[in-house]
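For reference, the structures are reproduced in the following blocks.
In the two complexes below, subunit A is the common chain; its partner is subunit B in one and subunit C in the other.
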Partner chain A sequence: MSDQTHMPDGHDLAPGEEEQHSVGTRILGYVVGLVLALLLTATSFFIAGTDLVWQPSIPVALIVLAIAQMGVHLVFFLHITTGPDNTNNVLALAFGLLVVFLVVGGTVWIMANLNANMPPMDHIMRMRQ
Partner chain B sequence: MLGKLDWSAIPFDQPIPLIAGAVVLVAILGVLAWVVVKGHLPYLWREWITSVDHKRIGVMYVLLASVMLLRGGSDAIMMRIQQAVAYQSQGYLPPEHYNQIFSAHGTIMIFFVAMPFVIGLMNLIVPLQLGVRDVAFPTLNSVGFWLTATGALLVNVSLVVGEFARTGWLAFPPLSQLSYSPGVGVDYYAWSLQISGVGTLVAGINLVTTVLKLRTRGMNYLRMPMFCWTTLASNLLIVAAFPILTATLAMLLLDRYLGFHFFTNEAGGNVMMFMNLIWAWGHPEVYILVLPAFGIFSEVVSTFSGKALFGYRSMVLATMAICVISFMVWLHHFFTMGAGPNVNAIFGIASMIIAVPTGVKIYNWLFTMYGGRIRFATPMLWAVGFMVTFIIGGLTGVLVAVPPADFMLHNSMFLVAHFHNVIIGGVLFGAFAGFEYWFPKAFGFRLDERWGKAAFWFTFLGFYVTFIPLYAAGMLGMTRRLQHYDVAAWRPWMLVAAAGMAVLTIGVICQIMQLVVSIRNREALRDRTGDPWDGRSLEWATSSPPPVFNFAFHPDVRGEDAYWDMKIRAQQQLLGHDLPEYHDIDMPRNSPTGFVCAFFATIMGFALIWHIWWMVILGGLGAFATFVAFAWRDHDEYVIPAAEVARIDRANIEERRNLVSMAGAV
Partner chain C sequence: MAMTETVGRAHADPHHIGLVIEHPGPAPKRIVTAYGFWVFLLSDIVMFSCFFAAYAVLHGQTADGPKGSEIFEQRNVAIETVCLLLSSFTCGMASIAADTRNRFWFYLGMAVTCALGLIFLAIEFREFADLVARGYGPSRSAFLTAFFSLVGCHGLHVSAGVLWLLTMMAQVFAKGFRADILRRMMCFALFWHALDIIWVAVFSVVYLLGSAV
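== the complex of A and B ==
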């Protein structure tokens, strides 16, 4: 964690505020982000319908593209960087990911295990026949 | 025009809720009339209702929690009397009324007593401990409080208009679905929690940001008081867990309002998914409540032992460990739902592991006391009472974390005794310790010690007499939520528990008496220095009550126990430093945004419950318009001139000098 101290009345930035760059640089950043995001989206649609690649690899390719899409959003729109000012944001993101992983992964595991032990009703009906 | 609402909504045939509602209504109207006649209304509006001062909002949170504690406590008394008399008879509460009472008791105690109490104390104290002038988002803070109050109001309206849920405090489907609960009870429950849940989330974001971004000079993470650390952990959990509750209740509401099938028995719905999701929020929730209490005890034990907290870094580590592990144990609330041995075993082990950091904390508090000069003032009594009680509750918790044992004890009175043991012994004792400890800081006078100690002993003993019998009844096979029973062996335990409830009630009366007596003797109990307990952290470095800007200068922190350090240095330098130069201070302007938003949210919530669609649109538009009006405001700060800051600060320095010289003369 960063140990730097933030003065409430000094020149520190309010949470979420970015350091002052010139308007041009900032617009360029957003445009690059938009182009990359559109590119990734278009590629996903293209991959889903194409027969140019080996078919079983398509789901994996879509997952990779989706993760890349998230990365683009985080870097260009949410301004998550590895700079020292950004430790809090990166840690918050890591904590969020951990919680999502625990809750979603745990839920999938628990519910699958329940279903294994308690077959759904139609399953029981079929077994009775 | 009015949706489902008509005269049949008011339970004219049930005297108990009607009389209770009438008494409360008369009391509220009486207070309102008194306020208007005495001309206090402009003062209340300017200084409290529209206030964005974190101290005022903190006090209002605690006030809300205290009032709701009386409501939830009345429910508890009614339940204990019912179970004491309903042996081979129907008792005095018909089943549908009894079911509403236990549902309302749980909902109110968790969401509208424990939550506002700890959030109020965090609001009041954390900015002071960090040495800053306000929280990160002052107006948002006010919005959060008023939305919580909206939820509490809706729950209480259900007493007279319509009914409350009969489903228990978590409204499990399929019982909470339209087919089994066609009334408005579950809707009151769900919309109250949705609205107050937004308030809680807002408070959580605000406090996380405050701790991470607003700290005074030199206050790095490992110099923060323990209470700030537990606040950070608890609010991180709020931000991570409350969206799960909101989403789960939203799905239940979609089932009820629009015929969806998330948690229904038919059409591919899955009831088990509701248990899974609600407890994925529910378990972090208990740590959201108890972590701030752990922080309060850390402050209290260290101050009243006259020693720095033992094992500060291990305490930080334990707090953050609990923060993460609390997301890995939720299945232990439904071991009996049918999961296989692997799943049950893993979650059982995780549940036992989370007891380890808690144990670390207990040892740290004991070692802090060891070799200290302990003063048994009222806050310290609550802390010691907590340690004894919480260990018992924790051990029964580890017992029910063992899946085979849980299969015997699930949904029994043993479980009821266990969670009251940890919530009363942990959260409530912590809230009372914090209340007694920080009251002088908030209001500028101490609380009467004699009544405080009486309140502690009656509550402490009353707790054991009430809840130990419930453990015994659980062992004898008594399940929870019984409206009546025919087993002779349970009867004596229920009678003892009812007697314990009477002792607890005396404790509550002592607490109220303490407040009354202290207010009457406030001149004699006045705290002139701002440091009545010989405290160690920065909240004691300013006057009591603190000025609106908290500190004339941002304190310069050079180590742990910042204020203790300053006092030692001041003694060495014989208070001989020059008078500093004062500057203007910018403070946020008060804003009615929170109150107006909550007003419209109340209208919208009520309309949603009764299906009055035009009113829903009206409330929604009103709340949105308020937000837009706030977003377009022109100026949001006002200036306190340097001369005024100097006047206030010098008066406080003068008081402290007098005290030191008086102490020197003796």
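== the complex of A and C ==
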């Protein structure tokens, strides 16, 4: 491990690190990310409170918008892209997402099942007596 | 066979980007450090996913207490969101300034990031204090427990981030843009941007879905 870093000499990129660009290009990247994120946020808040769209579609739209905005943050702020020099970072992210989906999806699924199959509370109380 | 002809090249250059390095050696410290921190951030996100799962299970268990739609104020959440978004942007500006060794823009970017983070924390603290004052503290119902632990955990992360931010400013002031300081700055930027990603999930799942459903 060398300490004289700064110029990445191989073709690996650290997470959060961009390929060598001029300062102007880098600032432009952040501006684009900020504008996209603000647009998506505004849409989310608008959708949540509007009567203009079919009501059952609102939760789905909110989740899709949230995932899109996380993607914008990953690409423009964290600079996690699909480029070949980013493979390690993307693989770690993919594994993290797998665990997240297992935890959240599994919990919601199992707990909903338990909840649906549990007898009502007064029923349990009567069985105890 | 064509297979045997290409195999030598394919080993040295698995992605075919034309840059053949026979013995690249260990990765530079900058990449190792940031990668390790990235793995930590992912495990932090996994921890948050447990809080999200708990919230998703418990959000209906209000024990005759208030529902989400009765206590959430969209306007405050919108201000908080804009604060965090802008702070992510200014944090990016500060890291560009650090890379170009520009002290003035670095201090300015970090100071604005700090101010926006503090505004976020102040609004969140006021919301929590208001809820507790109305008797809707975390012990009122399972829903409120899950709400306070999820949003409070994010708030704790932001508080830690603000402390780290001030430390980075002090370190740059005292030691300048050394290689190790720049590595810490990079980790801090990753941390701050990751907090913003988690906040996107929080405001969508907790506040917007909570008041829509």
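We adopt the following convention: the second predicted complex is superposed on the first by the 91 of 129 C-alpha atoms of A that agree within 3 Å, B and C clash if a C-alpha of one lies under 4 Å from a C-alpha of the other, contacts with A are read in each partner's own complex, and residues count from 1 in each chain.
As a convention for this text, a residue touches a chain if its C-beta (ideal position, glycine included) is under 8 Å from a C-beta of that chain, and two chains touch if they have at least 3 such contacts.
These numbers were taken from a predicted model, which means no experiment stands behind them.
Peer 1: Using the touch criterion from the header, give the chain among subunit B and subunit C with more contacted residues in subunit A.
Peer 2: Here the partner covering more residues of subunit A is C.
Peer 1: Once chain A of both complexes is superposed, is A:N88 in touch with subunit B (first), subunit C (second), both, or neither?
Peer 2: both
Peer 1: Which holds for A:A116: it touches subunit B only (first), subunit C only (second), both, or neither?
Peer 2: A:A116 sits against subunit B, while subunit C stays out of touch.
Peer 1: Using the superposition on chain A described above, determine whether A:L38 touches subunit B (first), subunit C (second), both, or neither.
Peer 2: second
Peer 1: If you stack the two complexes on chain A, which partner ends up touching A:G96: first (subunit B), second (subunit C), both, or neither?
Peer 2: Both partners, subunit B and subunit C.
Peer 1: Just subunit B (first), just subunit C (second), both, or neither: which does A:L65 touch?
Peer 2: Touch partner of A:L65: subunit C, not subunit B.
Peer 1: For A:Y30, using the defined touch cut-off, is the partner it touches subunit B, subunit C, both, or neither? Pick first, second, both or neither.
Peer 2: A:Y30 sits against subunit C, while subunit B stays out of touch.
Peer 1: What part of subunit A is shared between its subunit B contacts and its subunit C contacts?
Peer 2: 1, 3-6, 8-9, 12, 14-15, 88, 95-96, 99, 103, 107, 111
Peer 1: Tell me, which parts of subunit B touch subunit A in their complex?
Peer 2: Touching subunit A from subunit B are residues 132-133, 136, 209, 212-222, 236, 240-241, 244, 270, 272-273, 276-277, 280, 324, 327-328, 330-331, 337-340, 342-343, 554, 586.
Peer 1: Okay, in this complex, where on subunit A does subunit C touch?
Peer 2: Contacts found on subunit A: 1-6, 8-17, 23, 26-27, 30-31, 33-34, 37-38, 41, 44-45, 48-49, 58-59, 62-63, 65-66, 69-70, 73-74, 77-78, 84-85, 87-89, 92-93, 95-96, 99-100, 103-104, 107-108, 111.
Peer 1: Could you list, by residue number, the parts of subunit A that touch subunit B in their complex?
Peer 2: Residues in contact with subunit B: 1, 3-9, 12, 14-15, 88, 95-96, 98-99, 102-103, 106-107, 109-111, 113-114, 116-118.
Peer 1: Provide the residue numbers of subunit C that touch subunit A in the complex, in ascending order.
Peer 2: Within the complex, subunit C touches subunit A at residues 15, 17, 19, 21, 24, 26-35, 37-39, 42-43, 45-46, 49-50, 52-54, 56-57, 74, 78, 81-82, 85-86, 88-89, 92-93, 95-96, 100, 179-180, 182-183, 186, 189-190, 193-194, 196-197, 200-201, 203-205, 208-209, 211-213.
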